[in-house]
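Below, chain A partners chain B and then partners chain C, in two separate complexes.
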Partner chain A sequence: MANNVHGHGSSSASLNAPVLAPGHDFETITEAVAQIPLAKRTPIGWVLGFMGAFGLFMMLQAALGKLVMTGVGIWGNNVPVGWAFDIINFVWWIGIGHAGTLISAILLLFKQQWRMSISRFAEAMTIFAVACAAIFPLFHTGRPWLAAYWLFPYPNTMGLWPQFRSPLIWDVFAVTTYATVSIVFWYVGMVPDMATMRDRAVSMTKKRVYGVLSLGWRGSARHWHRYEVASLILAGLSTPLVLSVHTVVSFDFAVSVLPGWHATIFPPYFVAGAIYAGFAMVLTLAIPLRVAYKLEDFITMRHIDNMAKVMLATGMMVAYGYAMEAFYGWYSSNPYEQFMIWNRMTGPYAWSYWMLIAINAGMIQFLWFQKVRANLKLLFVMSLFVSVGMWLERFVILVTTLHRDFVPGSWGMYYPTQWDFMTFVGTIGLFLTLFFLFMRFVPMISMFEVRTLLPQAKVKSEHGHGN
Partner chain B sequence: MTTDTYHSPESVSGLQKLGIAAVVVGLVLTGVGYSMTGLDRFYQAYLVAWTFWLGVALGSMALLMVQHLSGGAWGVVLRRPLEAAASTLPVMAVLFIPIYLGMHDLYHWSHEGAAEADAIIAAKAPYLNTPFFLGRTVFYFAAWILISQTLLKWSKQQDETGDPGLADKMAYLSGGGLVVYTLTVTFAVTDWLMSVNPHWFSTMWGPLFMAGQGLAAFALGISVLVMLSKTAPMSHVLTSHHFHDLGKFLFAFLMLWTYLMFSQYLIVYSANLQEEAPHYIDRNNGGYEYVTYALMALHFAVPYALLLSRDVKRGIGSLRVIAVWLLVMRVVDYYWQVAPEFHKTLSASVIDVALPIALGGVFLTLYAMRLKSHPLLPLNDAGLEKALTHHVH
Partner chain C sequence: MYGVMAEFDSVQALVDASKQAVTAGYTVMEAYSPIPIEELNDIIHKKRTTLSRFVLMGGLSGMAAGFTLQYWASVIEYPMNIGGRPYATWPAFVIPSYELTILFSALTAAIGMFALNGLPQPYHPVFNVERFSMASSDKFFLVIETTDPRFDHGATTRFLSDQGAKGVYDVAA
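After this line comes the complex of A and B, so read on.
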């Protein structure tokens, strides 16, 4: 299993592509990756991209400023749809983060070598996505400086605020654990590369900054030993988090009694959807990134192909979830369940349901074809569509259930306001801003891990192979 | 090394004899049990036994398709045991006949007049009616037998000709086959197991049983590989590295099953709705609560704690004990899913043990026959060399 580098009995080109293009040695790998943050001149493309992202981020600040000064009334949520963009966007961002954890933790435990060159920026994506997600539960309280009072799981001696039977409180536990472990894992994984940066930096300031960040790493055998143990433990800790975080997010809906929310399949269906959305985002980032920074030798067609396959597999699971919701919605013989499915398919929000089906159950079927998986432009567009599809999924779950509940007299419609859109698009700005900073200042690819893919490294590893 | 033909050792014939003995013992016990408790308990116990062993075959077929897609050393060494299990499917189809004969005892909705007396059954009648039920069963088996027999045929051709194109063909069929497997098994367990209580429904039902099938398939595969690892030729092939990997998969499926079981429980418990809650009320009363506790402790906690250890996964004997144990617990799980729908108080009888033994005997006999007649490793698999040197990497 470990050395399944050359694909398994298939003649297709992408499958046989290596995880590292031939012709490299230790120096060329390090140079290719380390020169990006160390370069004196900031590429003009980066500056333009950053300005755009930062502009959107400023818009987020404005939207949140307005929210804090005015109150949550500026959003479109109102009876009967009391929960809308805030939780849709929260779930969307949290889901996107999952691919990073899966790549860095589960694929590490399964000794999949193709994870090495994509793990660093996928983990960065996770952390930035969690940061964007956290904004929504925090600000939907309207008074975020009081949020700790309602959300933070402090000792509840007064029996007053935190409702420990509510999955929203479990969310706080789950997401803070997730953010903490992800940041630690990401940072620990970066320490050896930070030392490389320190050693290669020319300017004193850079030497100092990378020197502090590398925590005195000298690359001794003892350091490496500790490093290996630490990363294995962190991978072990992260693995249940891949499942638990989105499971708890699904409980936000599933433990209720509302048709369309209360479905036992929600936990695995949400987890699959999260990984699906996450891999789509990794592809969205990786495809332009490898071209812009000439990293095609490290993020090869093999990576692209594997990620597209994961996207197909998890997308099929999500589509299975839709099929089950529809079938058991009918099979339940519960008139409210049946109405919910019918309303989704034919009600005022039917457009969102059918767009979602067209993307997440229809479009992804093209990924069965190797030619599609090898077409980068097409794959890039498809990955953007998947992000749209997964956003729509949460929109459908939220709005179609809430806007028509058990009593027709209380039915209504939901219309998001400009502030809803500004906040949502603003978090995309925050995400991209952080990602641009990451690209400029941190080695995007784990240099020391990719170096172990070289044949020169294999000879040594025969003796010291820890398992 | 690859010129070896990997003929099966004597122990496989032993497995076949064990299977035949189990048939005999199982049938005798079934006779005893039948005379004690009659036809009604027979069908209920038969449903448990048949869905369990069919689940082993189907789980093996699914894992076979997964390994055709993923490759990896675990798949190469496990492929022949998985194929042997999948080869039992035609006979498993024939063994549906008693379910057909017992439909009246098993499925309340099949009674004449049931729909008039119960609005929920009436609403489900377009799906839950005898002709459609039987038609679906025929369709499920046609699909499963077609997929499994084609894969077995190509695998045999691969041994004989070494045609490299066959691996691609098997991979393509497996991709589509897994989609077919997922959908058919979901509806099959809805038909055969969920509809014993026509009021109960859960969207988790399909994934729950698929996880159980995967767990059982790994458990059986590991048990048989441990047996094969004792003598030549496989004693030269299988190392603790293989078992470590397989042990991890067993562990992963054990956790998956537990995760799905717990999620379903928590969601139903929290909502406390009248259509769903009775499912657990029945299983937490009348003595079934002890079965519930037993499942929590012995199907999850104990094997979980043991499988955490690297030494247990690499210790070949200890892994086999856990694998066989989990197979037994899978039967208990099926019993727990089925029995409370028929008897509100726990009253297990001889026949509940006899039929899993008898059908297990049929399964094992066919399984051993298949294993005996083919090389124990896929001779021309592209990953064979790597799998044989798994410890070196």
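After this line comes the complex of A and C, so read on.
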């Protein structure tokens, strides 16, 4: 078969599945993808899903409204655990976003063709995840309208400037750059498909809206050439960017001098964890999506298999990070480090540590088996567990370090309140709301890129002919 | 009149026709396709884009802007003594400078690409041809423009038909 590059000698279905099912031509690809947003009737499943998601989003608005009116005191974080759900959820969401950029940028540089059909919705996932992430630090300031001059350097009337030596300000720069570049990259990648939508839309409103979004794209050779150069440059820029974002996020911890945070392994360990969590979320979205919209020809078992493998590889790196943390604790000979890791394993939050180890170091080992990677239902459940595991990882890092201060007199426990949970679950609602809107109005798969996968898209030498 | 447009069925036919048109001495033409075809730019336009140079300049100005901003704010405008450390703590300034380098480069790449392409452009004569709506899904087009010195309505139309075009249309200006 065609894809023996894996060299496993296995002949099972998903290893040999193509990145695009056979029997397609330019028109069938366009039709299969474009008819989803152009359909007059909204599927009932979409309506029900959107209602659920929007309900949760309204809960988020209620929780944030209460916070703004009352103050951050409604959240459970307090001395000694001054940072809790807000930064746990921030890091969790930002991490999820990373898979989208990995798929759209890094895999483009490596010329991985399987990225083409999943890059559009993975990038959408990135942008929506970053939007959810931004809510937490912004509202943790309590008065987000004042946060403008705390976070951004602009000449304000008080003559104040941000502290540029603080990792929190680095984070502002990293995350706003990441959000901006992700949106730009996503939109640039969508312009030729918007032209397709404009040309296929029947209703005048849709023609106009997609027409404006296509910017008058006409697919000339000169345009395509500049477009391809720009895409390559954007991919080349997004690659160091995405690696820097989670590195800077890890600096929020690593630059401090607290036991359990002050470790050089944090940047690579955070980046690997981000990609791991992100691929889990891509699988969580892709597995139901391809069935609901009958996109199995484009998101094939090959994609699922590759994503599961990336999840396994990055999961192993994360597990290595846990092993290193334990090793540091022992080898440092620092009593605070030793206490921290021992307390993490046996203290009041030991349950969260061992759950995390069970998922991120234990459960993912099943992904070594081809049968598990080919079992969609099982893989879907596992991807949800990975999201839980990665949330627990941030919980463990945050709470186990902070709740045992250097002075035993200021030890305490952290208990989240209902508002913490409402805000967290609410952001899942915001994420799903945005994703449902995306599914209804935007072509989910990059049509022009998938067209280039066809043999007839290639130019043959002098006496070539189409097949 | 803007030019004469020929419609083709395949990537190969469009590339072959473009080569023939160049050989026949036509210079002012443009090919339109639903997918990027690397060869076409080399055949028709020969020159590569200057976009990368703009991006380099954008990136360097982002880096300079980021570093200058931080230096000015932390050393000149609002110096703060924190544990007796120097004001010009350049290693700390590296990270925002790095992020702004990427931000400025990426914005230059995207805006520069659209600007060089002349987009957004609400009107273009090729859209006057009804069949051109297929240029974004599965048909391929070659337009020889009237500004071409060798353009001759009858001869150019015949030339394009001879290249195996599925249809040849006049493009109103």
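Brief remarks on what is shown
What we mean here is this: the second predicted complex is superposed on the first by the 438 of 467 C-alpha atoms of A that agree within 3 Å, B and C clash if a C-alpha of one lies under 4 Å from a C-alpha of the other, contacts with A are read in each partner's own complex, and residues count from 1 in each chain.
The criterion applied here is as follows: a contact is a pair of C-beta atoms (placed from the backbone, for glycine too) under 8 Å apart; a residue touches a chain by one contact, two chains touch by 3 or more.
Every value quoted in this text rests on a predicted model; they were computed, and no experiment measured them.
Looking at the shared chain after the overlay, A:331 reaches chain B, while chain C stays out of its contact range.
In the superposition on chain A, contact of A:192 is made with chain C only, not with chain B.
After overlaying the two complexes on the shared chain, residue contacts for A:209 are found with neither chain B nor chain C.
Contacts of A:68 after superposition on the shared chain: neither chain B nor chain C is touched. Which of chain B and chain C touches more residues of chain A: that partner is C. By the touch criterion stated above, A:320 is placed in contact with chain B alone, chain C being left untouched.
Look at A:248: by the touch rule set out above, it reaches chain C but stays clear of chain B. In the superposition on chain A, A:265 makes contact with chain B only, while chain C stays out of contact range. By the touch criterion stated above, A:368 is placed in contact with chain B alone, chain C being left untouched.
On chain A, the patch touched by chain B and the patch touched by chain C overlap at residues 251, 465. Only residues 25-27, 30, 153, 159-165, 169-170, 173-174, 177, 180-181, 184-185, 187-188, 191-192, 195-196, 198-200, 212, 215-230, 233-234, 237-238, 240-241, 244, 248, 251, 448, 451-452, 456-460, 464-466 of chain A touch chain C when the two sit together in their complex.
Every residue of chain C that touches chain A in the complex is listed here, in rising order: 10-12, 15, 18, 30-41, 44-45, 48-49, 51-52, 55, 66, 69-70, 73-74, 77-78, 80, 82, 89, 92-93, 95-96, 98-100, 102-103, 105-107, 109-110, 112-114, 116-117, 119-124, 126-127, 132-138.
Residue ranges of chain A in contact with chain B, taken from their complex: 1-4, 7-11, 109, 243, 247, 251, 254-257, 262-268, 316, 320-321, 323-325, 328, 331-334, 368, 462, 465, 467.
Chain contact summary for the complex, chain B toward chain A: residues 69-74, 119-120, 123-124, 127, 164-165, 167-168, 171, 175, 179, 182-183, 186, 190, 201-207, 244-245, 248, 259-260, 263-264, 266-268, 270-273, 275, 381-383, 386, 392-393.
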